[in-house]
């Protein structure tokens, strides 16, 4: 069916692309293309469209399709495109997966079912049914903050062994469980065929030291060069330099927390921060996030600007 | 736009309809029509399609549309049809709301945003945007077990006062908060125009005593007559009889818990129990639940049969 | 060993006594005696010392002992004294239980273990070991908000059947599970020997209708007469009157939520509200709560005063 | 008041000592002394008594005192003794702190209040009151799995700046928040006076790379030499070797998960695993854990033995 350009394993920095919007809430395809260009030129190993940072939860199906078409065209085969297919359960995810395959995505990224009360056996079956329905490599997306269940080794390892899963995006924040998984996969000889990407964007040095193949950093939208440097340092064994780069990025990550929790939610503050930064950097035309997120105000934007300057990204 | 037959307030038993499926996983419209007929004849005050009991989370958009078309046709104007429009955030919910209006639904039932990290101000804005987009009465659906946030009085009361919300389906299980809300609404003179339906199907007598207008019981798919009797007892002030009926239904509710939690999730067990019962009662043709739910086995079906006999529903 | 005056089952209103403190943080035994006197005269069926409303978590062992000695002396055999023995696990709870027996308490009230990660089999064993160690009737205290696990029917019913537990204080807020438990106990003929007290102080009418024997209302410190009237209405089958009394108490319950959540925690606001009310009513000498709770300010105290007036408790 | 031998900052491996028990449940002081001796000889930078791994939650006050006396005597001034003072709120914690000071502990380790509903301002005040009451360096213990709240930078940083806190034991598993905290402390020039110890015993290489001063590994009871090697590799910049040692320890950590979750809780399995290993290694005389934990069976003990052999700790 769909040909894929996905390296095995996939290595390096795979930014979960923000989705630039027009003031009217439509997909800003020009800005999205510019964003893809910027991260590809910076040395990204791939791009991940329609993840949580891409506001997938806020986009209707038509807008999701526009995002995938735009990203696949912009990537132009230079890097693989991973497509988020986030929805509540199997049948709905398969619909998104078919669209993604039609748009030319190189891999799918799916969470466990959510909204419903789910059993590990159901989660495993869910991934198998997606894999059977659409012939693209499938990444499991572990995101308990949104999904409210954790993908355990008991779910993942058999699905790696039988070929259901090609990779994992681990945004669980559970570095201990990740370490145990990496050690288990290595013991089974699966660490060269199964890709493990960490979403813990403030502990990338540690994750790479532990054997992760790459990282999916939301902040990589804003500073892709920084994450690529971090990755290259780690790959070359320059761990102190990797840690120093990670420290710099950890300070910059303050752009995700300028919003007052008394007046806006975590998504509004984090995604608003990424977009305000991209706007200030001239990458995207409009910093708007999708409704009903609360827009950042002047104070928050000023704080973002200051952090960009401190990080050397803005003059 | 859409004319509505929704009484103000809506009173009585409003079963959240199960969605019968064929063995191939398609909507079984014959069985769904039979189910609607059965609950309408039993005296339901309305029907609620595409709620959690209706496996809305498991149905793709085409199947959701088929459900609404079937239910609206089967109800045939005898009782109002409430349509669940369950999805992650506003834009996606509005899509479902437009479909529901097109199918002839009489009201919409929407949760707060989920999957994302949300602030109360965003939740309130979410409801306002849905109400503005589609001209149908809007019920807020409080379902923290699935949505992972609670609809507080601080969100609800202003949205009642400004006309955004026409009603509440409270499946939070927080009877204390519900009592405080009912008292507040009464103090504001809003208890005759704003409908409060409890989803706490094992504490309906207490909720009606506290002033709720009606109930949305999943078990009402299986025993609509029982819930109608319970409602009528309460309406007539026969509280001991209402409690006795509720006790009988609480025993029957055992059909939702026949599944072994070591091998299946809560949805599989509960929805599988409802459907097994409807199949044993001859209402629907096939007890299958949507994938990836785990089907009930012989042991569970035998337990369901026994409970139906104990409740006097099966000879 | 210890003689007990505990009726079987225990009926009526059992206020979880607040613990009045001096400005220096010592137990104010005069005020505590006055509080006991007030609720006994109002018609309480028992008193519960050292529960969550009694700030047990905030009191060192010496102060806990002073509370029990004071309450037992003040009750003077007129009503049974239930003693909270709240601590992390078995050995620590047994120490408190021995003290309680020595002070003359008539029953013990213990939660499941907390702080640790616990299995249902361990919870059941925990209750058995407490019962074996100290010869007093034992109530299980279901308080998931503090303990972070729920006491399931699978834990409780066997412990009722083998005589480990004499009663349950259900502050879980899960009225559905409580209904199922009450129906199960009745089916086993245990509803006349095992006492079920609800801690859902805003849904007492419903709980009594469902078969609970009584209520443990924190607000009963402030308005014991109201809860006794509510109980008597229910006992006599005057359900509308019971509901009206519950509505009045639900409004008064506003005293627990005058504190701004941006500056103080839930305990500070709720316990501070009870104590401010008792101070305004002239029952206790000082409204202080135990450190490190944040004291109510003038605004909050004014709000409490207003609610007491609205409820007819203050001229 | 109490002299302390605590280095500033405290560096290296600080095992949270298991508490060996006799078959009758008393403190086995001989075995505890042997355990201290073993970790001190292995090169521990300190010992932490009465932490979660020390079953503090399961020990009454007399047994807690015996533990501290034994550990202080066994350490004999060679390494500092950190004393856990785990209890629900301030007054109770202060009692334990006074005991610890009397026993000769060199520092205190306290969690935020638990069981109660707490506000950050209350948590900060809690630490200040403990520090004021007992003149020993105070470590904050961030343990959301047990305490159910997280110690945020907003709580910690002011308490570091004003001298309330001397250190942090971070068992939150939130490596991103820890990274942000380390960067913040460094920016304030506090990283040389404030000690940060990670409890994430499977991600120690990453934590040290990020700037943590040391580690408090439960598994360090069983393999203190391994953790000391890991620490020394990191200190010398041999990061690949550090990671390889961490990988070996991650495999050995399987001893904490031999118990079937269907029959025992997480504490039973983890602490039972540590003690079974220490017993098999001949360090302690009896592998019993405190009641009501479920003891490991033959299958679990065999699995522990196998893992010890695989790790090269047992012939």
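As written, the chain order gives the labels A, B, C and D, with residue 1 at the start of each chain.
Operating definition for what follows: contacts are C-beta pairs under 8 Å (C-beta built on N, C-alpha and C of every residue); 3 or more make two chains touch, one makes a residue touch a chain.
For each chain, UniProt lists the protein as follows: A, B, C, D = Dihydrodipicolinate synthase family protein.
Since we're looking at a predicted model, the values are computed, not measured.
When the partners of chain A are compared with those of chain B, no chain appears in both lists.
Rotation relating chain B to chain C, from a C-alpha superposition: 180°, rounded in steps of 5. A separation of 34 Å divides the Cα centre of chain A from that of chain D.
Taking each chain's centre as the average of its CA atoms, chain B and chain D sit 49 Å apart. Among all residues of chain C, none touch two or more other chains. Judged by the touch criterion defined above, the protein chains form a single closed ring in which each chain touches exactly two others. Working note: touching chain pairs come out as A-B, A-D, B-C, C-D.
Listing the residues of chain A that touch chain B in their complex gives 25, 52, 57-61, 63, 86-92, 94-95, 113-119, 121-123, 125-126, 129, 145-148, 261, 263-268, 290-294.
Residues of chain A touching chain D in their complex: 173-176, 179-180, 182-183, 186-187, 200-203, 205-207, 209-211, 237, 239-240, 242-243, 246-247, 250-251, 253.
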